[in-house]
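The chains carry the letters A, B, C, D, E and F, assigned in the order they are written, with residues numbered from 1 in each.
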Amino acid sequence: MSSSSARSLESDREIPYYHAVGNECELFEQAYRQHLPLLLKGPTGCGKTRFVSHMAARLGKPLFTVSCHDDLTAADLTGRYLLQGGETRWVDGPLTRAVREGGICYLDEVVEARKDVTVVLHPLTDDRRLLPLERTGELLEAPDDFMLVVSYNPGYQHILKSLKPSTRQRFVAQTFDFPPPAVERDIVARESGLSADRCSALVNLAARLRDMKGQDLEEGVSTRLLVYCATLIAAGMPIMEATRATLVEPLSDDEDVQEGLMEAIRATFG
Amino acid sequence: MSSSSARSLESDREIPYYHAVGNECELFEQAYRQHLPLLLKGPTGCGKTRFVSHMAARLGKPLFTVSCHDDLTAADLTGRYLLQGGETRWVDGPLTRAVREGGICYLDEVVEARKDVTVVLHPLTDDRRLLPLERTGELLEAPDDFMLVVSYNPGYQHILKSLKPSTRQRFVAQTFDFPPPAVERDIVARESGLSADRCSALVNLAARLRDMKGQDLEEGVSTRLLVYCATLIAAGMPIMEATRATLVEPLSDDEDVQEGLMEAIRATFG
Amino acid sequence: MSSSSARSLESDREIPYYHAVGNECELFEQAYRQHLPLLLKGPTGCGKTRFVSHMAARLGKPLFTVSCHDDLTAADLTGRYLLQGGETRWVDGPLTRAVREGGICYLDEVVEARKDVTVVLHPLTDDRRLLPLERTGELLEAPDDFMLVVSYNPGYQHILKSLKPSTRQRFVAQTFDFPPPAVERDIVARESGLSADRCSALVNLAARLRDMKGQDLEEGVSTRLLVYCATLIAAGMPIMEATRATLVEPLSDDEDVQEGLMEAIRATFG
Amino acid sequence: MSSSSARSLESDREIPYYHAVGNECELFEQAYRQHLPLLLKGPTGCGKTRFVSHMAARLGKPLFTVSCHDDLTAADLTGRYLLQGGETRWVDGPLTRAVREGGICYLDEVVEARKDVTVVLHPLTDDRRLLPLERTGELLEAPDDFMLVVSYNPGYQHILKSLKPSTRQRFVAQTFDFPPPAVERDIVARESGLSADRCSALVNLAARLRDMKGQDLEEGVSTRLLVYCATLIAAGMPIMEATRATLVEPLSDDEDVQEGLMEAIRATFG
Amino acid sequence: MSSSSARSLESDREIPYYHAVGNECELFEQAYRQHLPLLLKGPTGCGKTRFVSHMAARLGKPLFTVSCHDDLTAADLTGRYLLQGGETRWVDGPLTRAVREGGICYLDEVVEARKDVTVVLHPLTDDRRLLPLERTGELLEAPDDFMLVVSYNPGYQHILKSLKPSTRQRFVAQTFDFPPPAVERDIVARESGLSADRCSALVNLAARLRDMKGQDLEEGVSTRLLVYCATLIAAGMPIMEATRATLVEPLSDDEDVQEGLMEAIRATFG
Amino acid sequence: MSSSSARSLESDREIPYYHAVGNECELFEQAYRQHLPLLLKGPTGCGKTRFVSHMAARLGKPLFTVSCHDDLTAADLTGRYLLQGGETRWVDGPLTRAVREGGICYLDEVVEARKDVTVVLHPLTDDRRLLPLERTGELLEAPDDFMLVVSYNPGYQHILKSLKPSTRQRFVAQTFDFPPPAVERDIVARESGLSADRCSALVNLAARLRDMKGQDLEEGVSTRLLVYCATLIAAGMPIMEATRATLVEPLSDDEDVQEGLMEAIRATFG
């Protein structure tokens, strides 16, 4: 296929693969049924986004995902007036669409967003679950099948970028971490097509590399990078080249740190 | 119901439940009758917003709520010109609507707002109660049934974010706190459907957790989180899972603090 | 009356009550007659705004009041082009209206305004009293009955927010303070309807509370708050509740400071 | 006259009074004849603006004055497109008008302007005297009777606000100061209508007050304030009241400094 | 040819010359085939951009290059609404074009971009390879022949300008350095037309100058500058003048550093 | 001539006078012929701009000059859409015009520009010499007679304002300084009409004043100011007045520094 296909936002897909580790599926479902907003916490690439896709598909609800950043404004979530045919016409943002049509709205890395984004969520996380649109004069009431999910990585938080208690305390929360070895091996094998055996070695290596976090590395190697590595190996690339390109270079620019990582790799595969 | 219903701002609702603790209802009503603006102070989730909804319904007046933040401008309150059909047409903001139509305008977390928002309130809190709209050339006089209410959390205030005396001294003020145990138990039971007995244990636990504020926690657990917790328990979730998801994870990302909270929980329910 | 009435800016009112303390009325009138701009300095709520309203009414001139803040631009004072019917049409701001029609333009808390606001005043405070409107290409000459009045609170001034000498030295200036006890008693009684006797006790209390300024309080209690307090007492509220809501809570969030204020109150009324 | 009259920018006026102190008139005229730009330096209210008005009138050239500030952009000087009748139409700014029509463009307090304002002056201060208007695609060549004059107060300059050498070294420059006593006495008498004798006492007082600059005062009393003071005295105001309102209050908010100034006044008039 | 020719973005060119040093061509091709995004790291002027052009031509895919900077917004990549004929019409940015039409999108110096630019890449580097266009309501799925390549210079990175782990760990990565001497000699000879012999001396000189990096120089001399130097020498410029203009002046403004560089040059050619 | 004449950008002028000091004319011409971009470095007023005008005229090419500053954006160079007749119409900026029509584009004080300005130059300084216009979808290829020249003053550079190596290393570079005495004398005599003899004394004086740079002066006196001084003397102004207005006042506001300069002048002419 050499041209992309535009589809409406995230409908009729098969259920994305997700391997549960604890009670996270039950908690998500209860939060959905009891109309409680949910906060997911955890490191880069541990599967939070995949988990939300999985649950949305399982519940048969459309998913509206927004990756947050410094320049994201409340209007990017709620909507804005656009000039069309000499008229200003209101166009709903993803949050408003989720409230109007029902579905799950997922704000990834919510601490990166500007303050006005956080505040727009407050009336939606009250017991009355309202979304006021001051600019259209509407007051939308969220339907039973609306759910708000937000996430962030606690490892990044600092003073300027954190959720205020008045926002945090509006959410049921859950911490995520990398999956246990057997689960991670199955995930890597399934995504890359490499044998479970060879993936097992990669997962063991990941454990060694993750132990270097803090001293030398800002963040441990993610499951995603393990999948990249296994994919390149399955495609025939030599192990040393594949591991360097996926487990060393993306983690650090420092030559000494890179050498430390390579040593751990040589100790595993050498 | 699977689609939301848009209604005009906050009319014909039943009176939201509110359990008075002191003379706050009388003070609100006198301030309303004497045309004095009101300032509410207190921690996250102690019921300020609910109280204002309750009083608005009791007085039979429409309520216009605005959650304040850094990017909120005076124009978001008073209104702006929008381009429609090649014409710029003036559209009232929530404050202007409250002044024009009568009703209660509530600015939540007012210290978060930009300075121009605070200043726009000054002529409305003078004895003449005027709202000048420089851009339309109008000078609106507030009707007898207009009331201005603002709130903030004194625990958050710092140098850059505080009300200047010239603004504060325009308000009659009242401090709120978490309700006493028996009242809180009744609130939690009523909102969650869990028996008063089991709620009583949660309220006792809340007292212990609130004592940890300052040393380990930025803010004590709110009544809202107690309601979340009781709701999940009433839905059949094990107590330990429900308390972790509602009384531990939303309060802190720090493992040691989380462990301290879990100990208090195990001491209560273990 | 349950709906507001829009009127043109500040015409045909009775003369607002003002009790002169020194030569301020004579100075205002001479400045008006000699075409000199006037600067009023003084604490929050001591009556500067009321004084200007009083003088404007006494001189029979319309009053154009602007509360200054960080986001106020020169265009908010002078005017701007608005798009109407596919045409950009010029709309005068309040300063331009005062210059064009004659009258008193009062800029409250002028140090809060942005620098371009201050600079736009310079040609108006020259001996030629001109207002150049670069965007319309007009050069307006102020009529004999135009007067410019600005005010600020010296207690707030700091490095980033102060008038430059090149601006200050364009004004005749006057310092205001709280009125002497007998005058303040009459003002409070007149505004609240409470007997002069009971007001006298409140004014004595105010003196004690104002002595606490600097050590514990950023600013002393204003005459306005005394009027609030007397109003609530006249409406039947117990003294202790009325004083707490008007003379304690609006002044400080600090429990120790609040207790100190309450002690002074109990010493007076206990 | 009770309504203002709009006139085109600064034409057909009589020559404003100016009393030369040194060779400033000759320097201005030579700079004008030799097509050299001129920089005037000096304290607040010493007469720089009056001097430029005087010279413009003497040379029979229109004067375009711009008071500079932080928010002034190059487009405010050169011009911009405005939307009119569905068309964007170019409207010249004051600098462009002076270049197109001939005349003197005076930028008061030029160090306050943004950097792009300073840079727009560079090609005009080259030997070719060009004003490129990138947005209209024009390259205007200044006519023989165009002159650029800028001023600032060296007492205010600091690191963030100063002219770069690459800008300064494009100007012939002249320092101004307060006029010598006899000259200042004549100016004050002429402007206020007070007798030269009584003005002489005020000028002596000014010398004493100016000696306090640096220790207690940011800036010495200006000639303009002396004129204000003499005006109020001529209108019948008691000397002590007039001096306090014009020579004390506009100079400082500090009580001790005010007392020091009042002592000097009482020593002169007491 | 004296007028430029406008062509559609980067089509039908011959394959730009690139001399491979390691396995970089294989890694690029595998990443392309396995749908993995690629991150290139390395110093200024070592050939990263040329490498990407080479690979794009080899794979027969259009290349969309964006040089990143502080003011580049996500809309510059994805597209925006433009007003045309009274209608707002959507115009795709280069990233959207690459996703819609297939091809390689190369973001040069990606760490210079604003945060919202980085975040817009996240869904494209997920396994589903999506580009959501909130403003048009489209969700584009990248075709098989879409590839994302980004680069930066690790030598510039600092705290405010670095890729977050959550972004870095989405890429397969490769470090580049200056080519080995024999390769660099061939490159310089081929681009400049100077004999390989004379280029060899320049490459030796470059090694000496690169050793001065860190102590005296922020960055070593690039291959590009060697080509400039050889080009001027081939055009007949004396060696000393050519080396000063291309290997000394562009590297430093400091006289001592320049002298150090000239000494090394004299030692080579003197 | 009393009204200005608008002409298209910098065509059909005679060749501006320039006196070469070293090989700068040859280097410029070779860079032009070999399609290499050129960077000029040197102090204020030493003749960089004049040199570029000279070379452009000599080569018979139109010159597009842009004085850079903080607020200059890439769109100011490349062009933007303007709304005309209800249509947005693209208008080329000076850089785009130079690329489209051929000619020399000169960016004066390029380090003052915003980063996006610098980055827009990168593809133009690659070997392919392209100017991508993302907003029109064009990719312009520079014609043979296009040349890019930039300049800055190394004396001003500081951390926030400097060219990154990745930009610098794209240019052939040349340092300028004040011309040697005999050359400067001829330049001053030619421009001012003053006799070479009398100019010689001024040039000697300039050398003495330039020696004071660093200790007392931010920048030495420029050739331009010498021309100003000679012009005023030739017009009959006394030497002491002319030197004060052109060689003292424009260099410093500090009285001690001014006195030091005046001493050097009196030592020369006294």
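We take it that a contact is a pair of C-beta atoms (placed from the backbone, for glycine too) under 8 Å apart; a residue touches a chain by one contact, two chains touch by 3 or more.
All values derive from a computational prediction rather than experimental measurement.
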- Task: Return the chains common to the contact lists of chain B and chain F.
- Result: none
- Query: In terms of CA centroid distance, which chain is the most far removed from chain D?
  - Reply: A
- Message: Given that chain A and chain B are copies and touch, would you call their interface same or different according to whether over half of its residue numbers are shared?
- Response: different
- Query: When the centre of a chain is set as the mean of its C-alpha atoms, what distance in Å lies between chain A and chain C?
  - Reply: 52
- Message: As a quick test, compute the distance in whole Å between the mean CA positions of chain A and chain D.
- Response: 60
- Message: Can you work out the whole-Å distance between the CA centroids of chain D and chain F?
- Response: 30
- Task: Return the residues of chain D touching two or more other chains; collapse runs of consecutive numbers into ranges.
- Result: 83, 86
- Among line, ring, star, complete and other, which one matches the pattern of chain touches? ring
- Order in which chains appear around the ring, chain A first, chain B after it: A, B, C, D, F, E
- Query: What residues on chain A touch chain E, complex-wise?
  - Reply: 1-10, 44-45, 49, 65-72, 76, 82-86, 91, 93-94, 108-109, 112, 153, 156, 191, 218-219, 221-222, 224-225, 227-228, 231-232, 235, 237, 241, 245-246, 249-251, 253
- Message: Which stretch or stretches of chain E touch chain A in the complex?
- Response: 23, 26-27, 30, 33-34, 36, 39, 41, 73-74, 81, 83, 86-88, 99-102, 114-116, 118-120, 122-123, 126-127, 132, 134-135, 137-146, 154, 157, 164-166, 168-175
